């Protein structure tokens, strides 16, 4: 029942303790930041290291990017999201490059800089050229334009599309 | 200077005149609906027909879907958007199916039903299978999840991605 | 302290009681719908009628649109939102038509059908032509396109704009 | 009629005058920045100070955060938004911590860094633990994922939910 | 390697075959709809039934709502999303009602009708009153307002919040 | 057929080549950044200069802002977007200031800093006062609030608005 709470608690030693001298603090509370710093392998618990190890093995690389190191403050979420990424981005009926292009396109549409950078790097590694990236961005931009026009105008779906 | 205004005016005969008996109207105004009905080929002006003709020729089909028929109330916009679609979705360095998949993914992320339906149909015509569509939706969903986690947590972009 | 709760409670007689026969209900709970039906003037409490009266007097009309009739389930919110609308949309340094155009543009960008319809009607009453509405939609569409391009590409703000 | 305009004008002495030497300026215009700097208590007009005083009294603190100091360039909006926050976030039927959690969740979903930081701090002050924040973020992420799946798939609302 | 593709293929017998007589079809393509109909228990494969069974057991109910029946066209995604929901919405440090309130708030902010309806029903079952729902909606609305003001004005995060 | 690809390729000399020493690079790949640096006039190809020249002539200015210099990595998109901007923001039935206000409002609603800054500067040049900008922001904020309330509550469009 309290598995999650306990698991999270076991990682809280990693929360940065910052000097509370940046501004007024009239209530003597212990200062906790909304920002979570990356947890490096050397500082990680065994269960976090197990996920890091799987990330590196799956990706045939020797480092782990910041997203996972920040999620590591909450080990169950780290494990869950990594498991989802492996399932969704793993082998299937769309080729690996197309999958990354789709991830980049959604991230660009949502304006998530980190995700554009990380999945953009993955897409380049899988072969995305700069010309392809330009075309992808053009599609993201135009889809956002026509999505608004269609929705605002309340265009009825053609029977042929149903 | 008034090119656009004149062009638009020439199409206003197509606005639906509806009985204003659906609700209170205390000011005697001429009722104009926010909704624009599709303009069929038979009712279209010559400049609108020219765009419809180009759409059908480019797509090797004999019909025009509702999006264009609704845009036809504003001929300069009809021409402009169609020209953009031809440029962006035409031959390039990404194959035609991948382009449609990207359009569907952004539209799904934005929740535009019409665009999912119309570009989904185009993608199916170009070979998208149901299994591929399932994978595409999984990526759209997961990217929306991780986009929020990354942004909310303020994850710093790894130098390797810069 | 419980002012809000009491005020809301006084209006709950208006929640629709629906037959719970549309689907499985295995727990005997009292069925409450997520949808709130409009509360008509004749059925409204005195405090709700006071807001309706002010809406009609301010707008020099003899009816109230559904948005307010649905908000009426929560009288403090009804009063608060109406007060905000009067403040923000009342006389200022932008003319009344421009204000409605801005409201329509944001609503179109967000895909809020009701808001496009209601503020579109208000804009037409204040003089918006169909050609102007077409131009407004073009701007909404194009801004959504360039907003994504700019954000995805991480364009640095020119010093001249700072 | 010009109440708002006058009120705003009375605060314009606070707009930062910046050297216009950061870029080309070919038209001799007076440079006005899109960015508004916080107005400190010492520099504020009497009507702005009255709001600052009420913020500090309500929150039992001796400082005012930047959001209000920036809104202070437009005193009617400063007063209006503060009044809304007091109404909506004040005592009601949801406990104060739950209200802050909801504010943080919406802000995280919208990617508003400042709002996550400020309402996150308020939530921590009211007792939010790091483990609870982790769970909140997980819900925000998952809701954004399923929201897209549901909308894209056009899932019909079950009669039991109506 | 092709586990996902095979799993999906095994469910495709459930895709609705519709008469292609609703509109022009000039290319003889096999018509596939973008819309997926719910798969009832009686028609479901064994692996889909296993998830349905777990949903009903976990929720102590005897029916399954449409979201899962539509996801059932893609069994791996059905299993994955259900597993995520169980993890995220299961016992933790936030009480079950608060979790549902957070889910409803994000869904309301995103405008997902189905999700508001389904998680709103779950929240009511766990005790959410109409007055609480009204307060939740007020927070969602106000957060969306202040999120935009803060972001547009580029308010700097106070050091005390860092 | 490969017009776009060739055009893009002709500009790729401008992609920044950065030292790949910022982080682990275990695969010897050529490092390409997701960020595109502005291409100055002196470094631009003839086709890019032609667009820059037209931008400066149309705007009666002697400089080009970063958006165009970044788009210049993809000349066909540079030309296409500039052509769209000229069409949509050029003379029509809405006056030039109103058009810029609408662009700023949508950009503020979407949280695009660069677009708020650049179109805000254009609006100021055309006469937007600080008081008007304050009112615009108030409308953007309030519309975002009521858009969510209306959508979440599923308010039915009044027949008078249809």
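Per-chain numbering from 1; labels A, B, C, D, E and F assigned in written order.
Everything below uses one rule, namely that contacts are C-beta pairs under 8 Å (C-beta built on N, C-alpha and C of every residue); 3 or more make two chains touch, one makes a residue touch a chain.
Bear in mind that the values here come from a model prediction, so they are computed numbers and not experimental data.
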Graph separation of subunit D and subunit F (steps between touching chains): 1
For subunit B and subunit F, chains touching each: A, C, D, E
Interface copy of D-F among B-F, A-D or C-D, judged by whether over half of the contact pairs recur: A-D
Farthest chain (mean CA position) relative to subunit E: F
Chain whose mean Cα position lies farthest from subunit B: D
For subunit A paired with subunit C, centre-to-centre distance based on mean C-alpha positions, whole Å: 34
Centre-to-centre distance between subunit E and subunit B (centres being mean Cα positions), rounded to whole Å: 26
Subunit D-subunit E separation of Cα centroids, rounded to whole Å: 29
Residues of subunit D whose C-beta touches two or more other chains: 4-5, 8, 23-24, 34-35, 63, 80-81, 84, 88, 92-93, 109, 111-113, 116-117, 120-121, 131, 135, 137-138, 140-142, 144-147, 149, 151, 153-154, 158, 160-162
Complex contact set, residues of subunit E against subunit F: 108-109, 111, 113, 116, 137, 140-142, 144-149, 151-154
Contact set on subunit F toward subunit B in their complex: 1-5, 8, 18, 22-25, 33-35, 76, 80, 84, 87-88, 90-93, 158-162
Complex interface listing, subunit B residues touching subunit A: 34-36, 38, 63, 65-67, 70-71, 81, 84-85, 88-89, 92-94, 98-99, 101-103, 105-107, 109-110, 112-115, 117-118, 120-121, 129, 131-132, 135-136, 138-140, 142-147, 149-151, 153-158, 160-162
Contacting residues of subunit B [partner subunit E, same complex]: 61-63, 111, 116-117, 120-121, 124-125, 130-131, 134-135, 137-138, 141
Subunit A partner contacts - residues on subunit F that touch it in the complex: 4-5, 8-9, 12, 15, 23-24, 26-27, 29, 32, 34, 73-74, 77, 80-81, 111-112
